[in-house]
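Two complexes come next, and they have one chain in common, chain A, joined by chain B in the first and chain C in the second.
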Partner chain A sequence: MWLLPNHPRIISETLDDEIIAINMRSGAYYSLRGLGACIWSRLSAGTATDDLVGELEDHYREIQVASPVNEFLARLAAEDLVREVQPDVAATASDVPLLPLPELFEPPDFERFTDMENLLLLDPVHEIDERGWPHRA
Partner chain B sequence: MAGRDRTFTCGLRVHSGVGLVDRNFPDHLEELLLRAALVEDLSASDAWRAWLAETGGLDRCEWATHRVLPLVYRNLAAQRGPQPEFERLKGLYRRNWYLNQRLLRDAEDILAAMNAAGIETMVLKGTSLIARYYEDQGVRPMGDLDVLVRADAVPRAMQVLLAEGWLPVDDTPLKRLAVTQHAVSHVRADRIEVDLHWDLAPRRWRNDVWTGALAIEIGGVPTAALSPPLNLLHILTHGIRPFGQPLGWVSDAITIIRNGDMAWDDFIDAVVVEQPGPRLLAALVYLRATFSAPIPSYVVQQLGQADLGGMAERLADWAVGHDIRHGSAYPEYYVQWRRLQETDNDLQLPRGYVEYVQWIWKTSSRWGLGIRLFRKAWQIARFGKSHPSGVAVCQDSA
Partner chain C sequence: MAPRVEIDVLREAAAAMGESFESARARLPVTTVDILVADQRIQLQVAGARLAKKLLRAVAHLMLAATDIQTVDDRRLVLHISDQASVAAPIPKVLLAHADEPGSSPVYRGGGYTLEVHRPGGIVSLLDANTSVAYWSLTDAEEVPPNDVAYPAQHVFQWWMAQHGWHLVHASAVAMNCRGIIATGDSGTGKSTLARLCLAAGFRYLGDDLVLVGDGPVLHSLYNSSRMSPAFLRAHPELQMESEESGEDKVVSYVAETEPESVLSSCALAAIVLPRAAPDERTVCHRTAPSEAMLSLVRNGVLHLPGTAPEAFSLLASVARQVPTVDLVMGADVATIPEVVAQLLGEA
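What follows is the complex of A and B.
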C-alpha cells in the first residue's frame, strides 16, 4: 500500500526534525516528531508501507514495529493526513529528504491541536512553554 | 543617526528628547536583529546573542520584533551549534507559518474568483514576496492580503469581494476614495483584511506597474507580481515613508536584492521616473554599507547624480527624516496632490491642496479642517517635545 500526504487538503512543512501540518478544511494543526516524522518523510517520498515496515524492522531489530507503525498509519488516515494512492502516483512523489531514524525505538505518534483560535490569541513569547508555540505555558 | 531612548510599554515605542530621529531606519538593536536574520555566516549567531544580552531577552521584546523573528529562526537553523531561545523562535515560525497558510488559502479563493470574473490581478507585498523571493511560507508575516487590479476594474472587483463575503471598511463613495486613497480595505467575519488596490501608494505611481510584471501562481491560481525592480522600489518607498517599519523593509529589500535577478538599469530608470526623493538613495547606501547588500556601485553613483525629486519631494523627505511628528503628513499630502494632477483620468479632483486635505480628513468644510488643525496644534502645545510618539508598533506595515 502507498500512502501520500493528502494534498491540497493537508499542507505540511519540515522544520529540522519536526513535521508540521495543517488540515486546511478543519484548521487543525499537527506536529510529528521522532519516528512519526521519519515515517512521514518516507511516505512523502513514495515509500510503500510494507517497505517502510521492513526498513524499521531491519533498523530496530528484536522490536515488533509492525503493530505500532500500522496503528500510526491508521491514525494518520483517520485524520485525513494521508490518502491511499496507486503505485504509479506514488512513483511521482516529491524527492524529499528522508529524516534519519532515531536510535531508540519509541512508538510513532503525532500531536493534534484543534483549539486554534485560542492558541493564536496566546502571546507567542510569554504564554508558551520552552517548546515554543503552540505549547501553552 | 542619533540614538533614541526606548521604553517598552505594552508594545508602544516611547520617544523622549529631541534630535534627529529617523524612525524609518533601524537603530542599533534593530540592526543586531536584522543581522541575526540576514547575515549568512556565523556572525548571525553573535548578533542574536548580543541582541538577547542588550534587550534582556525575548520576554522584553516589542511586538514589532516578531516581524523578523521567524526569519531569525530560519537563519540560525542553518548555523551549527545550539542557539539560545531556539525553541521559542521555532514556535514563532510555526505560528507564522500556520497564519500564512490560512491567508494564502484566502488569497487563492479571492484570486480564483477574480479570474473567473475576468479581472486581471497582481498580488503585492507579503503575498508576492513569499511566493517569489522568500521561498519559505513561514519566515515572513503577511498580516493581510494586498491585491491590485486595474483602475477600471475596481467596481467589479469590489462586487467579487462582496460576493465572497468581504465588506469594505470605508463607506466613502468610490469616486472620492479613488482620489484620496490607493486601496480600500475589506474584511470578512473572523477573517483577515484584504486591501484592494488600484495603485501602489497614496503618492500616485508614474511607472506603469504592469510593465514587466511576473506571472506567478498562488496555490496554483494564476496572478502576477511586480517586476523585481518595481517590487524593490515599492518596498523601499513604502518603508521610508511614515509608518514604515525598519525591520520589515530592510529584510524585504535584502531578500529581493539577493533573490530577485535584479535588473539594475531598469531599477534606475524606474527611480528616475518616480522621483521618490533623496531618502531612497539613503536607503540604498544604508543597505550596502550595513548589510553588504549586493547593490552595484554604479547604481548608487548614477542615482546620486539623478534628479530624485523636486522641492516638494525633498520637503516631504525632510519632514519624515526629521521626525516632524505632527507635520510630516502635510508635505506628503502636497506631493500626492501634485501627482494626482499629473494622472490622466476622469476623476473629479479637489479644487486645490486645501480641499484635498479636507477630503483626506473627511471634513465637510474648511471650518472642520480648521478645527482639526487647532486640535492638533493644541495637542502639540500641551504635550510639548516630550510627548510620547505613541506609534503603535504593532500596526501592519507591508
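What follows is the complex of A and C.
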C-alpha cells in the first residue's frame, strides 16, 4: 500500500527533524517528531508501507514494530493527513530528504492542535472556480 | 443550504463597490495619499474628512512625499475606503445571501477577486487583482471598531502583499542597528509590552500587533499604532506616551506622532521571539526549536488571517529555518527585558 500526504487539503513543512502539518479544511494542525516525522518523510517520498515496516524491522531488530507503525498509519489516515494512492502515483512523489531514524524505538505519534478550528468555521475561505461554490455535485 | 456563489457574483460585487465609492466621492471630500509598503506603492483614497483623519494616522509613517512619488514605480494598488452610512450604497448580492448567517465571516476567492464580508459589523473587504483595485467599506464612519482604527484594512493589505511575497503576521517587531526581532504569540503573551519596553529603551519600532515578513528574511512595518492596557501603563508610567481611548479597555498611541524618529519601515529579521509574561519569575531567554516558532506562526500568521495560508506557511517555515527562535520569559524585572533582546540581536 502507498500512502501520500493528502495534498492540497494537507500542507506540511519540515523544520530540522520535525514536521508541522495543517489541515486546511478543518483548521487542525499537527506536530510530528521522532519516528513519526521519519515515517512521514518516507511516506512523502513514495515509500510503500510494507517497505517502510521492513526498514524499521531491520533497524530496530529486537522490536515488534509492525503493530505500532500500522496503528500510526491508521491514525494518519483517520485524520485525513494521508490518502491511499496507486503505485504509479506514488512513483511521482517529491524527492524529499528522508529523516534519519532515531536510535531508540518509541512508538510513532503526533500531536494534534484544534484551537484554530472554530476560527475556520467562522472565517471559512471558499475557493470559487468555474464550477462556482458550493461545487455542483 | 449555503447560497451559490460564482465568479460573476464577485465581479458584480466589485462593480457595486466601485459604484458605491463613486457615489461617496460625489458627496464627500476624498483624501488621497500614497504609501510605500515594502516595494509596493499603494494609493489610499478615503471618502470623508473625518474618516480619513481617523484612519490614516496608522500608516502615516509610510506616506510618500509628492517628490518621492515621481521616483517610485507606477501606482500598484488603489485602495478605496468609505462607509455605507454616508452614502446610499448598493449591497452586493453575496452580502444579502449571507444575511442569515450571523457570526460567519466568509472569504470568497476566485477569478482574481477576494471578498470578505466581516460579521458582525458588515465591513466589506474586496481586492480585484485583475485591475489592482481594492475596497474597504465600513458600516459607519462614526462607529469604526477600535481594532479597525488602529489597524485599518488589514485583510486587503494581507491579500495584496501576499501576492507579492509578503505575509502579515500577528507579532510585534523592534530593531537595533537595522536588525530586528518579531515577537509572536497568542493574545496576552506580552508582544505589545515587549515592543513598548524596547521602544522606551531606544530600539526602533516597526509595530506591536501586525507586521509584514518577507523572504530574506526581512521585516516591514505596516502600522505605527500601539495599543496597550491602561492598567499596565499605570503600573509602568515610564512607558506612557500620548494616547487616547481605544475601546476594549485599551489605549492607542501613534508612535509616528509621539516619537517619529523611533519608527523604522524595514530591516533584516534576525530572530523570532516567543514571549511569555511571567510576573512571578525572572527574565530569561533560551534557544528553542524552530518548530516552536512555526506552531506559534501557524496560529498567528497562517490560520489567523484568512485567504493566504499555503503561501504564508511556506514562507514562514523558510524564515523559521533561517533565524534562531528563542523563548523569552518576561519576568518582574521588566527593565532587563530590552537588555536581553539587545543581547539576542548581538548574538543572532
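The definition used in the following text is that the second predicted complex is superposed on the first by the 116 of 137 C-alpha atoms of A that agree within 3 Å, B and C clash if a C-alpha of one lies under 4 Å from a C-alpha of the other, contacts with A are read in each partner's own complex, and residues count from 1 in each chain.
Rule of thumb we're sticking to: contacts are C-beta pairs under 8 Å (C-beta built on N, C-alpha and C of every residue); 3 or more make two chains touch, one makes a residue touch a chain.
Note that the coordinates shown come from a computational prediction; the quantities given were computed from them, not determined experimentally.
Undergrad: Go through the superposed model and pick first if A:E127 touches only chain B, second if only chain C, both, or neither.
TA: After superposition on chain A, A:E127 lies in contact with chain C alone.
Undergrad: Check whether chain B or chain C contacts more residues of chain A in the superposed model.
TA: C
Undergrad: Just checking: does A:A77 make contact with chain B only, chain C only, both, or neither of them? Give me first, second, both or neither.
TA: It touches nothing on chain B or chain C.
Undergrad: Taking the superposition on A as described, I'd like to know which of chain B and chain C A:A93 touches: first, second, both or neither.
TA: Neither partner.
Undergrad: Is A:D115 in contact with chain B, with chain C, with both, or with neither (first, second, both, neither)?
TA: The second partner, chain C, only.
Undergrad: For A:M24, decide between first (touching chain B), second (touching chain C), both and neither.
TA: So A:M24 meets both chain B and chain C here.
Undergrad: Contact-wise, after the overlay, does A:A66 reach chain B, chain C, both or neither (first, second, both, neither)?
TA: The answer is neither, since A:A66 touches no partner chain.
Undergrad: Based on the superposed arrangement, let me know which partner A:E13 touches: chain B (first), chain C (second), both, or neither?
TA: A:E13 sits against chain B and chain C alike.
Undergrad: Shared contact residues on chain A for chain B and chain C?
TA: Overlap of chain B and chain C footprints on chain A: residues 8, 11, 13, 15-16, 20, 22, 24, 27, 29, 31, 116, 120, 124-126, 128, 130, 132-134.
Undergrad: So in the complex, the part of chain A that touches chain B is made up of which residues?
TA: Those in contact with chain B are residues 8, 11, 13, 15-16, 20, 22, 24, 27, 29, 31, 116, 120, 124-126, 128, 130-135.
Undergrad: Which stretch or stretches of chain C touch chain A in the complex?
TA: Residue list for chain C touching chain A: 2, 4-7, 10, 103-111, 289-291, 294-295, 298-299, 302-304, 306-307, 309-310, 313-314, 317, 320-321.
Undergrad: Could you pull out which chain A residues touch chain C in their complex?
TA: Against chain C, chain A makes touches at 8, 11, 13, 15-16, 18, 20, 22, 24, 27, 29, 31, 33, 113, 115-116, 119-120, 122-130, 132-134.
Undergrad: Which residues, counting only chain B, touch chain A once they are in their complex?
TA: 58-59, 61, 66, 77, 87-95, 97-99, 101-102, 105, 137-138, 219
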